[in-house]
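Here subunit A shows up in two complexes: once beside subunit B, once beside subunit C.
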Partner chain A sequence: MTGVNATGVKESERLARVVLSRIGEPGDPRLTDLVHQLGGEMVLASLRHQAADRELGADLAERLESADPVLELERASAQGIRFVVPGDAEWPAGLDDLAHAPHLHERGGVPVGLWCRGKPRLDQVTEQAVSVVGSRSATTYGADVAADIAGTLARASWTVVSGAAFGIDQAAHRGALANRGPTLAVLACGADRAYPAAHRSLIDYIADFGLVVSEAPPGCAPTRIRFLARNRVIAGLTRGAVVVEAAVRSGALNTANWAGGLGRTVMAVPGPVTSAPSAGAHQLIRARDALLVTSGEEVLEAVGPIGSFTLEDPREPEHPRDRLPRRERQVLDAVPLVQAVDSSSIARTAGIAHGRTKDALLVLHRAGLVEHSLGRWRVVTDQESP
Partner chain B sequence: MVATTRTVSLQGAIGHVVDVQVDLSQGLIATALVGRPDTSISEARDRCRAAVNNSGFEWPVTRRVTVLLSPTDLPKRGPHFDLPIAVAVLAASIKDFPQEGLPAAAMIGELTLDGRVRCVPGVLPMTMAAAARGLDTVYVPEPQTEEAAMVPGVRVFGIRSLAQVIALLRGEEVPEAQEVEPLTGSPLLSWRGEERLEDLDMADVMGMADARYALEVAAAGGHHLLLTGPKGSGKTTLAERLPGLLPDLNDDESLELTAVHSLSGSLPAGAARLTRPPFRAPHHSASRTGILGGGTGRVRPGEVSKAHLGVLFLDEFPLFPTDVVEALREPLEAGEISISRGEEDAVYPARTMFVFACNPCPCGEYHPYNRDHHCTCPEVKRRAYRRKISGPIADRIDITRFVEPLRPYERTLPFDRPEPSVVIRRRVSEARLRQHKRYAAMPWRLNAHAPGPLLREQWPLTGPAALRLDAEVYAGRLTRRGAVRVHRVAWSVADLSDIDRPGVDELDVALRLRSATPLLLSSLSGLRAVPSDESEPA
Partner chain C sequence: MTGVNATGVKESERLARVVLSRIGEPGDPRLTDLVHQLGGEMVLASLRHQAADRELGADLAERLESADPVLELERASAQGIRFVVPGDAEWPAGLDDLAHAPHLHERGGVPVGLWCRGKPRLDQVTEQAVSVVGSRSATTYGADVAADIAGTLARASWTVVSGAAFGIDQAAHRGALANRGPTLAVLACGADRAYPAAHRSLIDYIADFGLVVSEAPPGCAPTRIRFLARNRVIAGLTRGAVVVEAAVRSGALNTANWAGGLGRTVMAVPGPVTSAPSAGAHQLIRARDALLVTSGEEVLEAVGPIGSFTLEDPREPEHPRDRLPRRERQVLDAVPLVQAVDSSSIARTAGIAHGRTKDALLVLHRAGLVEHSLGRWRVVTDQESP
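And now, the complex of A and B:
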């Protein structure tokens, strides 16, 4: 393919993609698919001649007039924003999977390029990454769980990817940052902007310690359709998606669908069954589209390399009684708690021969489970009850 | 000869103006005191006689002295009758004593044998009662001048001795007298310095978004709050910061509170009016009398009343004696407490916000929704512990929250620092202002005190919100009383978010607050207004 090789990207190709990023809508499959097949330069050239796709060309002609890619890159760089395109060493391979994923809501395809704000390299930071997404109208329960999961991921040096929105997104970023872990925010607006505005300081903080990424060029406003395109980038950058509290019509479900379409591990955290904000997550689990997870460890087990995080099934703590043979257990059940009795009475209650009962009592006595005085037996009571 | 002076007798927080009439006439020489005096007044006879004689006057020894305290059927108590009795006796016995000033003046003060005046508790409420009855002058012990002067429109004379009062009344030069010692207050139960509270700020509380908001709603509407959580999770931390969220008391409130403290004798000499909402945290070993009021001899207001218009924090609430807990029902519901003891009925105000705190189980580690809890209590003990919280008291608690121990992800980060108390107090003040406007014509000030029937009639829930609340009641998840309480909290939530009438969203928040279920993040005002020092680019 022209202009693209393994080590670097031709400057003309990068500039062409800057123009395309500026004039096209993020995730418009008419554009992304063409660019993925032909390269930015060729698509741009044909657009200029109205040849690529008549309808698309007409749509983009307006914006094409004023495009100035060199100035665009300069301005972005002044804001600490760089433009990463396929072929760059920094380009995460996972994003190319989007070329094969089914389109959703007429969005799809590999991004023309990604605008990145922050120091870490995009490919390195997404090497081991999981998205934690959920409803904006989350509850404190969901926020706590999301932050907890994100914190566990962060401590294991996994990157937490989310969308910097209110609710679960914010909690997820927060959980990662509080544990000094890497986190990445994918925005629907330009990487220089903050949406929601109240999260300006959160987003700036992520840019300082992690990475803020957007498919839309700097200055772009967040529109409804851009959120749908954004969700596909979140899915493409990560190995799995964890849905915490998504109502039935939540955008988080869109992210989960993208992750499913890309063959990523989709996970969902259940909530109270009566809770509306958890209904979408429950639906995912019910339809077997998602794996039920309840902690960061379980997420790591699901997305990590096989065998690297294995969890034991939760168990009740073992009680000394659990290891007793059947006969001793039967005798122990027959020993009274309060009023001590002699061994023959215990034998009657247990339904076991007197001699064997006495043997069993001695075993139990050695194990510290029963006590006796003057030939009468009772259970040792000072131990903790189960 | 007859002379009349006036004073005030207190029954709880209710003051009655009492006439002290002295008649000197022929008859069996004796001093008779009639009009249902208690022991301390009966003793006044001896104190007054000695005080009069030692002040350079003469007790009428050749005639019968009859002292009447009227109205007669009102039981009277307190040593402050000394001064009006002594003055009345002298006014009756001294020739040409000017009587004109007497009916418009209230005399308050105990006398010593050498004729000096001593401080008495309750000067402020007595002065308030006197002023309300049109008396324009009060004579009070000198250290309590400021206290009496808090009541507007009253001329206050601070006096040191009986001789000084007589001189004032006769328009003579006031003689010198020894200084009067201030009333010795006894802060029996406040176990932390009051000043410490001023330094406590919500900015120091990390995480706990849920509980923070619960505190804000409670502060806005004056609702009762229950915080449960493992030991060390921050229940006390939160409760202590609640008064800091409340606005200053207004003039009426401040007078009310100061009056209660005056009654309990805990007002320091020369103290200004109390303008900050009080915070009281009696220990669970405190006596029933200490918490509710009462006592032998004089009936004193308890902690419940001293926390009037403020916060009463009952930590380790299940450890309080059952009879105390049961007796809290009245102040929880009615905002006052009545103490009946023999002849005496005293009613003290107790418009207090209760904050109950308890562990989730005897060992304090249990958490119903946390798989990692380290509780070792047997279920039987847990249940017994829980039983102490539930029942009629639980139904009167508007807001219940679990307080979780701090988790690593709640560490404060530079982009979202916890809100300081000042910011929250501003919102609370605005919410309270809205309530004052709404209830302008009503005798209550806060949502929590609005009577249920009136609330339903004048400020009802409408549409889907009303249906939802009814559904909760019919489904048995809410008692009728609970529904009223949820209704009030819904109003507070609406007031906090500047909404004209609570809708289904506000009701939902109120139901969640009551049932201890997690809140929607979008309803937490602390998160809605994340302070940002950068302006948003266009």
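And now, the complex of A and C:
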């Protein structure tokens, strides 16, 4: 078993990927594509060869030289962080879909590895997972809906994946945690760090009860490009993305684009058309890039295996009219709403014989649906229809 | 010209249709389909024949007997109401599409004729027309959005068609009138009457500046089945239907179904998922039966001739980042958001030579996008993105 851990990944391959994770940038396709095709060891050997031949910049050569992956793994481990790579039992198959997805913003490809903080196995916790993402400047409406959807997903044992940001992300994680559901935060900085700093305790709480994941190694700071790369990991780990509120240009739409490119189910929650934070969600639905969803149940119906969670179309409570036999219904439809008329006039409108119309009116009267006075009939109005 | 008016419709045919309009029910397909195929005169002659042979009920025979279409037209004319029939110059071609549309709720077919109150020609006022329909128990949000959309349509010289009901209908008519736009009310009762009674002055105002239309002859009372028949006339007269707020079971969804069956563009305005009056609109969009629209401009884009009104995708105001050259943008994306780092670290993250990175940082600093202190750099944060 020397050099090969229980998961089938050679230790030398894991260590090579630690070095590549440290010297490369998350989602840099020049690195991810090559490593996916050739493996970490071969790519690292090639880089070392280039460094020896002085083809690499002095800085990169120096960093290659000074890399100490064993120490790196030890330090991470002391922080409760492990490095999961392709071939590990807990590597989620969904991430490999990134090999074939279109690049966005010059980012793309299968991560070299993911740094994970928390107890659950990454593959198990993402077996049934949906992301709930949106604006950092969410409205209370958006935050409430995000928490509500996350809660429903959690109660159905689906994992809520998000980015631990202010606004919708936070509401989604909290909605899952409040329902004792698994939740997973994918960060743009190292899994040991907290961004935003105000979410230190939220992120630690997620690590205690769920999983905090990053493509960037411990210690890394968040940068804009790392957020864009991060969003593709969120998409790769999930079966669908729910955009709750998103400005027209926002990270949430970037996540939705990644999810769409990966063939995941993209969903969006509408809001008032007068609310700017909903504009991005409306744009997604208008472009038919996203399915409109209004509840966690609708999300489950969209992402679950076909038939596993089927919603009936929403219905108003049944109206007494629905239980009427056909003839009584026809007569009722012919009774005026305002000015009462005699039964012969109703019979004429309904196209039903006068005697039968009178019988039907008596039935309708007993049911409380029509009223009469001095031989004239009208509808008892209490309904929205017609 | 005896017996033929200027429009090409024989006077005898018009008078026959007056009788049929009076003795029949709006949208009764047993009548409308036959009259569309054979013409009013032939159907009326056949009915009279059946009455003579006592095949018809005594009541119907009596009403046939007592019908006085000339007097009927005179009385209507005294109320400012004319009877428009197929073949008239002002008969809108769109209504004939009803001959081929599926029946709904046992209603359907081309109207025998339409009773019109108001000056504009029916064909001209509906040449560019959209219906704006929705819940009678609308929220202020829904009413505001309906009025806003109607106003935009009116300013673009599109006619707003609705049903003069409480709530969304009222807001739509008022939004059009407030913008001096044409508007048209299709009633379930006679064009001389007002339902609801509280809208008497609104309906009179529409008749003064637009058109009030009904398939039912003057004096007729509104019944549920006449509302269902009325909704098909709204759909026939328009190029598209906009559902603003609609409960799951509502007349507005019935209008949307008619519009869809006629191949018209069905649109729906979203709202908060927590608002029951928006549930019907959301259902239409989810089922892909309706296009999500958020403004009158989007309605115009959807119903206008292709290319006549093209919206750009909504955009956030341009960010200074967008105007940066590629290298400066790459460097900016590599600058940390929180904890400042030195320029060599940024160069490493960006994958750009140190000297060039330093030059780019100076450009970014002059643009106010990065800040530095003691040789360490970080982003000036003010943006929603990433």
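Throughout what follows, the second predicted complex is superposed on the first by the 310 of 386 C-alpha atoms of A that agree within 3 Å, B and C clash if a C-alpha of one lies under 4 Å from a C-alpha of the other, contacts with A are read in each partner's own complex, and residues count from 1 in each chain.
Quick note on the criterion: a contact is a pair of C-beta atoms (placed from the backbone, for glycine too) under 8 Å apart; a residue touches a chain by one contact, two chains touch by 3 or more.
These numbers come from a predicted model, not from an experiment.
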Partner chain(s) touched by A:I285 [first = subunit B, second = subunit C, both, neither]: second
Subunit B versus subunit C as contact partner of A:R117, first or second or both or neither: neither
Which superposed partner A:R232 touches (first subunit B, second subunit C, both, neither): neither
Partner chain(s) touched by A:R174 [first = subunit B, second = subunit C, both, neither]: first
Partner chain(s) touched by A:R17 [first = subunit B, second = subunit C, both, neither]: neither
Which superposed partner A:R264 touches (first subunit B, second subunit C, both, neither): neither
Which of subunit B and subunit C A:A197 touches, first, second, both or neither: both
Touching partner for A:R224 - first (subunit B), second (subunit C), both, neither: second
Residues of subunit A touched, compared between subunit B and subunit C (which is higher): C
First (subunit B), second (subunit C), both or neither touched by A:T140: first
Overlapping contact positions on subunit A, where the subunit C interface meets the subunit B interface: 136-137, 141, 144, 197, 272, 314, 384-385
Subunit C residues touching subunit A - in the complex, by the definition given at the top: 25, 28, 57, 59-60, 63, 135-137, 141, 144-145, 188, 195, 197, 221-225, 227-228, 247-251, 254, 269-274, 278-279, 282-283, 285-286, 288, 291-295, 298, 313-316, 319, 330, 332-339, 341, 344, 347-349, 351, 353-354, 379, 384-386
Residue ranges of subunit B in contact with subunit A within the complex: 209-210, 371, 376, 378, 404, 407-411, 413-416, 517-522, 524, 527-530, 532-534, 536-537
Of subunit A, residues touching subunit B in the complex: 136-144, 147-148, 150-151, 166-167, 171, 174-175, 177-179, 192-194, 197-202, 204-205, 272, 275, 277, 314, 384-385
